Amino acid sequence: MAEHTVKAFDEDIGRLRGLISQMGGLAEEAIDGAMRSLQRGDLDLAQEVRAADKQIDAIESEVERLVVRIIALRAPMANDLREVVAALKIAAVVERIGDYAKNIAKRVPLIEGEHRIEPISIIQAMARMAAEMVHDVLDAFAARDAKAAIEICERDNALDDFYDAIFRTLVTHMVENPKTISEVAHLLFVAKNLERIGDHATNVAEMVYFAATGTQMAEREKGE
Amino acid sequence: MTQKITAHDVNVFYGEKQAIRQVSIDIDQEDVTAFIGPSGCGKSTFLRTLNRMNDTVASARVEGDIRLDGEDIYSKDMDVVQLRARVGMVFQKPNPFPKSIYENVAYGPRIHGLASGKSEMDAIVEQSLTRAGLWAEVKDRLSDSGTALSGGQQQRLCIARAIAVDPEVILMDEPCSALDPIATARIEELIHDLRGRYAIVIVTHNMQQAARVSQKTAFFHLGELVEYGDTNDIFTNPREPRTTDYITGRYG
Amino acid sequence: MTDRAPTDWRTDAMRRRIVRRYGAERRFRMFGLGAIILSAGFLAFLIVTMVMQGAAGFTETRVSLPIDFAAAELTVTPEQLRGDRGNLALAGAGLEGVVDGAAGAAFAQQGGAELLSDGAWLRVRDTLKANPGMLRGRTAIDVPVATDIDVAYKGDGTPEAEQVVAALGDRLSRGLNRDFFGNADATDPTRVGIWGALKGSLLTMFVTLILAFPIGVLSALYLEEYAPKNRWTDLIEVSINNLAAVPSIIFGLLGLAVFLGTFGLPRSAPIVGGLTLALMTMPVIVIAGRNAIKAVPPSIRDAALGIGASPVQVVFHHVLPLALPGILTGTIIGMARALGETAPLLMIGMRAFIAAPPEGLTDPATVLPVQIFLWSDEVARGFVEKTSAAIIVLLVFLLAMNGVAIYLRNRFETRW
């Protein structure tokens, strides 16, 4: 794509993309940090993750301001307009993803009782998968890659399957170890949060697809 | 949707230079159609072929088939003077005649014999000025010179002058390029009001204006019609990369 | 690329440049003002000299001539004096001899009848016709004096004439020379008039205007609005431009050859003069007209065409009215040039001595500039002031024409 005649427009768009990818990085980090603190029972790290969410919120409002400014001053059209609108919506979604990570971090002290529970290790694999989806979808946004967006939507099915498996495992665990029911219940919420993060990543993928092609993603491509 | 004007494989030459290449387009009766494109892309040239104003340029030559309600406008049977009455035109620079406001509007009906008396003429003048949204501002000074009005009023006077001949199509060649934003907004509102009664074709450099006033947009580039479609699609999701580059401000 | 050092706008060099600039500005203004003052001075000098010399040309010197009609025994009755036949009757009765006799009696020492102008008896005749009762008595009539006395009385005569003036004393008087506005050329400067030449000029200009204006304007309109732009119209344009620059004497030769030679039109007639001058004026009108038409903004043409005006309607409803002030200015300039033209008219015989004002377009006539030229060539001293007077008449005529032009222009410019 050629450069805009008005260089400042390119600079604004570049800055917007930078903010989105920075936000994505922070969200990824938050998921990662929350899961590590869960794995290790590191309460300090959990506290850090909760604090880092404020940064994501700050960037989201900066994205909002920047988008309003671009629309007001540059009157973007066609793909520029779609990208700017997508960025605004993606920022809101990524902020939600950050919230889920924060929610996971909040549960760390509640899960971290006297009893060490096994399923924490399988949930790590699910978390990696969700974090990867977030990472890839933001890469797809940066590259305006509609194909990658479709592929990410398909991955959501696998994540949902993963969640179903974990759900059954945790329920079995609760039945076998009634003493750990409250910890495992929290763990179940963690798994649910990760599943929601995957859904949000899918939403972002749809926005990326629209921004890149100008059309809505067809239902079948969402892999439902 | 009825097609008021159909153009098929139109080529326009200025001497050796080809200004329009193989343009085919259908202009709807009910819609405002906007022609956009960079300077020198041929949009004004094409507009002027629609009422044969290019005939006044000695070196201009038009090929192809342009029909108004199915009648070939370049055929020998077509009277060019009557054609221009049926397809009125509003120009870039407001160009009222250096006569009174009344005379400006009455001139067209008079030469075409559209009014059979003073009272009928008065009615035409009032109706035209009203439709052009100028009546309230000038009704007490109809005998003042048209050139004494402000730029925006002059342009609306020119629109009233075009309307007075009771045309079927109104061509507007960058009608707001010499006006301030408020006057521009009034013209745009006027175009909106006139839509449906007349088929309107507007050439504009201002893409926002095209987006605001038109239902159909045609993008011209280097004498070709690159893309033509619903304004909504052209401005949110153009199909052609050249259109995208132009409307997003990436045109070289 | 190295960055330029920031410019210091306060150095001495800069200051000197400013001083020089102001100096140049001031000098230019002085030169301009000087040029204006110089040309205004020339103009004032011209006008003052002309008026000083010419004013006397409008007056005549009269001497009070006592005549005893009762003793003269003129064989006319007061009833015979009415109308044109009165002139004949008085002439037949020997009025001229009576007047000469009366002069010989009254001014024996001063040369008798020689003292009077050749036209003195005509003045007596006109007075008698106005007052037939005089025939029966003795009366004194103011009659014009001969030219040398006239010149002497006005202060520029020969010593002999000066003596006569001194001798006559207060029997001499001055008055407005009405004959000057009623007569044509004559051999005696006291009897000449400008009316013949003025009427000749009017008739000639009339012919010129009637021919050159419509033809010139229509040519200009056709060339600008209709003619295709090709080699032929280029050729025509160049020809017209050249025609405007052709020396006027050539037009005179052309008129001589074509109008007198080929068409056999009467020599010295205003119609031939008008035709010749029209040939000369037409290119000027065409050029001025084309420029004025070109100056009409194309947007007006577009506007008219755009609402379905035919090309003829565009031209006559819009272009011509807007171009008319410019065309009129050009026309007046051309007409003024034609009015002042001498050379081509000499060629077609308008320099002949013509003692009666022309009655129509085909009568022999002369025009103001030619008359001036002829009088300035005369030996008699009386013609000097007549020449200046004629120049004043010509200038007033020109001013009147320009005045009309300015009036018309303003009228058409504020038409709406």
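Order of writing sets the labels: A, B and C. Residues in every chain begin at 1.
FYI, contacts are C-beta pairs under 8 Å (C-beta built on N, C-alpha and C of every residue); 3 or more make two chains touch, one makes a residue touch a chain.
Chain labels with UniProt names: A = Phosphate-specific transport system accessory protein PhoU; B = Phosphate import ATP-binding protein PstB; C = Phosphate transport system permease protein PstA.
Quick caveat: nothing in here was measured; it's all calculated off a predicted structure.
A comparison of the B-C and A-B interfaces places the larger number of contacting C-beta pairs at B-C.
Distance from per-chain Cα centroids to the pooled protein Cα centroid is smallest for B. If each chain is reduced to the centroid of its CA atoms, subunit A and subunit C end up 102 Å from each other. Rounded to a whole number, the gap between the C-alpha centres of subunit B and subunit C is 57 angstrom. Measuring from the averaged C-alpha position of subunit A to that of subunit B gives a distance of 52 Å.
Those residues of subunit C that touch subunit B in the complex are listed here as 228-229, 297, 299-310, 313, 317-318, 322, 416. Looking at the complex, you find that subunit B touches subunit A at residues 207-208, 235-238, 243-245, 247-252. Subunit A contributes residues 1-6, 9, 74-82, 214-215 to its touches with subunit B in the complex. Per the touch definition, subunit B reaches subunit C in the complex via residues 51, 53, 56, 58, 81-86, 88-91, 93, 95-100, 103, 107-108, 111-112, 145, 158, 161-162, 164-165.
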